[in-house]
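Input: a single structure, listed below in structure tokens.
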Amino acid sequence: MAEVIFKDATRYFAGVDRPAVNSLNLDVPDGEFLVLVGPSGCGKSTSLRMLAGLEGVDKGSIHIGERDVTEVPPAGRDIAMVFQNYALYPHMSVAENIGFHLKIAGMNKTDREKKVREAAELLDLAQYLERKPAKLSGGQRQRVAMGRAIVREPAVFLMDEPLSNLDAKLRVQTRTQIASLQRRLGTTTIYVTHDQVEAMTMGDRVAVLKEGVLQQCDTPIGLFARPANVFVAGFIGSPAMNLLDFTADTLPSGVGLTPAQRSALTGPDVVVGVRPEAWETVNPVDGLEAVVEVVEELGSDQYLYCKVPNGVLTVRTPGMSPWQRGDRIGLKVKPDQAHLFDTATGDRLPD
Amino acid sequence: MGAIAAHVGRKRRLFLPFLVPAMALYVAFLVLPTLATVVLSFTKWAGAGDTPKPNGVGNYQQLLNSEAFQFSFVNTLIYVFAGGVGTFVLAFLFTMVLRDMRGGKVVRAILFFPNIVAPVALGMFLGFVFKYQPHKQGLANFILTELGGTAQKFLAPDNVTWVVTASLIWASSGFFITILMAAVDNIPPYLYEDSDLAGASPWQKFTNITLPLTWDVIGVAGVLWTINALKIFELVFVLAGPGTYSPPNRAWTLGIFVFDRTFGSNGTPDFGAACACAVAMIVLVSVLVVALRRLMRRDALQY
Amino acid sequence: MAYKPKPAPGSRRFSPLKFIGTVVVWLVTAFNLLVLYWLIAAAFKTPIEIFTKPFALPYTWFQRGVPFRNFEYAWNQAGFGEAVVSTVLLVGLATVVTVAISAPAAYALTRFGVRGAGGLTNVIAVGMGVPFQTVVIPLFVVLSKVHLDNIYGLFIVYVALSIPFTVFLLTGFFRSLPDELEEAAAIDGASATRTFFSVMLPLARGGLITALILNAIGLWNETLLAIVFLKDQAEFTLSRALFTFYGAASYQSEYGGLIAGVALVVLPMLLLYVVLARQIITGLTLGSGK
């Protein structure tokens, strides 16, 4: 059990000027499930590998518990990692795979077998212990990789996109299994994914990265309700938030700037972010005039893709609504549902 | 699907025309001569001008009693086993280092280079390196005496087998490093990363990952080694002898024995004995390859 | 900013095994380079220089204005002039003919779906394990009877004995090609022969080139069969000529000329290797890795 701290942790790759991870500062309290999320190349996996000790730390430091582990080899960090491809040894049985780290650590055979058996029962793998990984399904392999991490009883779990090789249905199922397992074990967990739904549903807190820079680290609700900048606003939430360009003087009806916001602006332009569910449909004359281009019926919800003079907006309406392609509608932002950002800096304007 | 089915049918009609030229040459120049050699090994035949006469197992009895054959047999086994162990140990040691070494590709190319040199040229070149002649010492003795040692007769019949073994290990390791490294490069890097997390030492990584995951390629490489080491001829012929006629018996290999009995540079030709020795070679290679395959057998590995 | 990233913390841990390995790798690499240097330098030296100053740069022949004296000696005394022509023609033709015969066979064995093809492939592969010594007497006896104990006979023998390895190598390449292209060609109405020449051969080009190179190196260096079959010095190949030259030159203590002769045999292959190392090494690993 331990907290994890990144202090100005920076990582360069050979021949690239821009750091892959740029002065990352993160403080993960003991027992938290933290998700690192971002598009590919944002530095999330590199951050995880720095914490694992598989990558060096060029500047700054990394701490696990009381210890500065920046220069500690991976094996000495009291961590366990689940790889994207599970990294199962194809020539070893499930039992040998789960017990491999214990064997290397020099644990005697009877203790090892006991631990492997416990982990296998926890993960519903007991009947497969003698099988080779090639004879297992994707979900079972994933659980073997989990088992190998669990038997180490580490202070921190590291997971690098552990669900990305599963099909969609299994992914949803395994997602909840991992989250509940982590809550039961209470072990600090750092989890990397590119999938914002995974991040939002699993994490106690979510850290969003872009181009090696931490954008925001907050609870899922915090991220969703108060995105710190345009990038986070567009990245979190599905379908994505509508981002509209306006000048401070020509804002649409129902949206206004407080004096504090106005004084925080660095230029004349404002980005107004509106989530699909934050629109109200009204008469064309009463709101932003739009033409319905595509109607996506999901049963419980309906998404309208509406053409407006400067782009296409996504609007969520209740399922089975009577909208048709070609309908003219008016759109109005629900009260207090607009997110305002400075166009020049991309930062959120103060509330 | 009709087009494809018809296509497969038409293709099959080409099977024989495509295969026959290669098969015909193979049978005429490898299968039949091998059978002829087996038959001739049971005859007494001096060579050109003589006619083969049935001789039962006479040639084989003669072989077993021949000191030259005993030397040849033992030396060949030394090359196969001592050379093989040395080459593979060296190759494994190198794979451990080369896996994550910068500039590894260049190093691999340099290590491979002795393999493109003609064995005859390599033998002559090594002859210079190991030359013993006061005031005209070869490279090895030059360095040895510069360092304050005494010059050694590396190429004397008693030493030459071991000098050739060492040379063989040096020259062949590049080839086997190349083959093994290709297999090692196919091992997913995350397995080594996981073993880093476990705290595995290089030796543990080797025994737990590299060795089991390259096992099949090692088997193929072992067969290639056995085949090549068993027919070693030029290198020993040039290094151990004066170059134009056979070296002393003490340094012979089975390949030299066949050559010598065929061309009789040490007396008259004896085709019968040469054929018997050739049969011994093919029996030995079969036994070793089958034994190696059996030793290396295990379930096919799936990722 | 050119920044050199720090290695991962575990990788700097000292391991005796890795330390020994690294030392040996560098020693052997350095030794190979030294050997190459020594060979090339010695080819320009007098015997006295070769033995007393093995690491120095050559100077005597340069001072006398005849830097290529050793090469001239070897060229003239060993008959390398004719040997180069014979070798290039022999090796070039034998290599091309070998691949021309082996490629259709490898194609038929891998892609026709004929039952027993796998077993037949193994039968041919076994031929790689037959030492040349085993077949040399019957071949020599028969070929001298039909007066082919000369460069023409050697040509046929080279082609025939290169077939097992070449077929084995090429079956690996053909097996790795996807089925779809062949099926697409069939749907387009191409005949099987046409599919082979215009679809499969171009796809297997990497394999064919590798087979050409590996056979060329092997035959260029081949000596045993050349000794057996070539009696007339006018037909000698380079390695065969070198073999004869060796005895004469060491008898006369013409060590400089001898090394120049060795260099003449080695350097063309070295050049080929420097240009094609990547191709050779990838081809080799494809052929033997499967």
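When the chains are written out, they are named A, B and C in that same order, and each has its own residue count from 1.
What we mean here is this: contacts are C-beta pairs under 8 Å (C-beta built on N, C-alpha and C of every residue); 3 or more make two chains touch, one makes a residue touch a chain.
Note that the coordinates shown come from a computational prediction; the quantities given were computed from them, not determined experimentally.
If each chain is drawn as a node and touching chains are joined, the picture has every node linked to every other.
Centroid distances from chain B, each centroid being the mean of CA atoms, peak for A. The interface holding more C-beta pairs in contact, when B-C is weighed against A-B, is B-C.
If you average the Cα atoms of chain A and of chain B, the two centres end up 57 Å apart. Between the Cα centres of chain B and chain C there is a gap of 15 Å. In chain A, the residues touching two or more other chains are 53-54, 73-75. In chain B, the residues that touch at least two other chains are 196.
The residues of chain C that reach two or more other chains are 8, 10, listed in rising order.
Residues 1-10, 13 of chain C touch chain A in their complex. Contact residues of chain B toward chain A in the complex are 188, 190-191, 193-200, 204, 208-209, 212-213, 301-303.
Of all residues in chain A, those touching chain B in their complex are 52-54, 73-76, 79-81, 83-85, 87, 89-91, 100-101, 104-105, 132, 134.
Touching chain C in their complex are the following residues of chain B: 3-4, 6-8, 10-15, 17-19, 21-23, 25-26, 28-30, 32-34, 36-37, 40, 48, 90, 93-94, 96-98, 100-101, 107-114, 116-121, 124-125, 128-129, 135-139, 142, 170, 173, 175, 178-179, 182-183, 186, 196, 201-203, 217, 220-221, 223-224, 227, 230-231, 233-234, 238, 242-244, 254-255, 258-259, 262-263, 271, 274-275, 277-279, 281-282, 285-286, 289. Residues of chain A that touch chain C in their complex: 11-15, 17, 53-58, 70-75.
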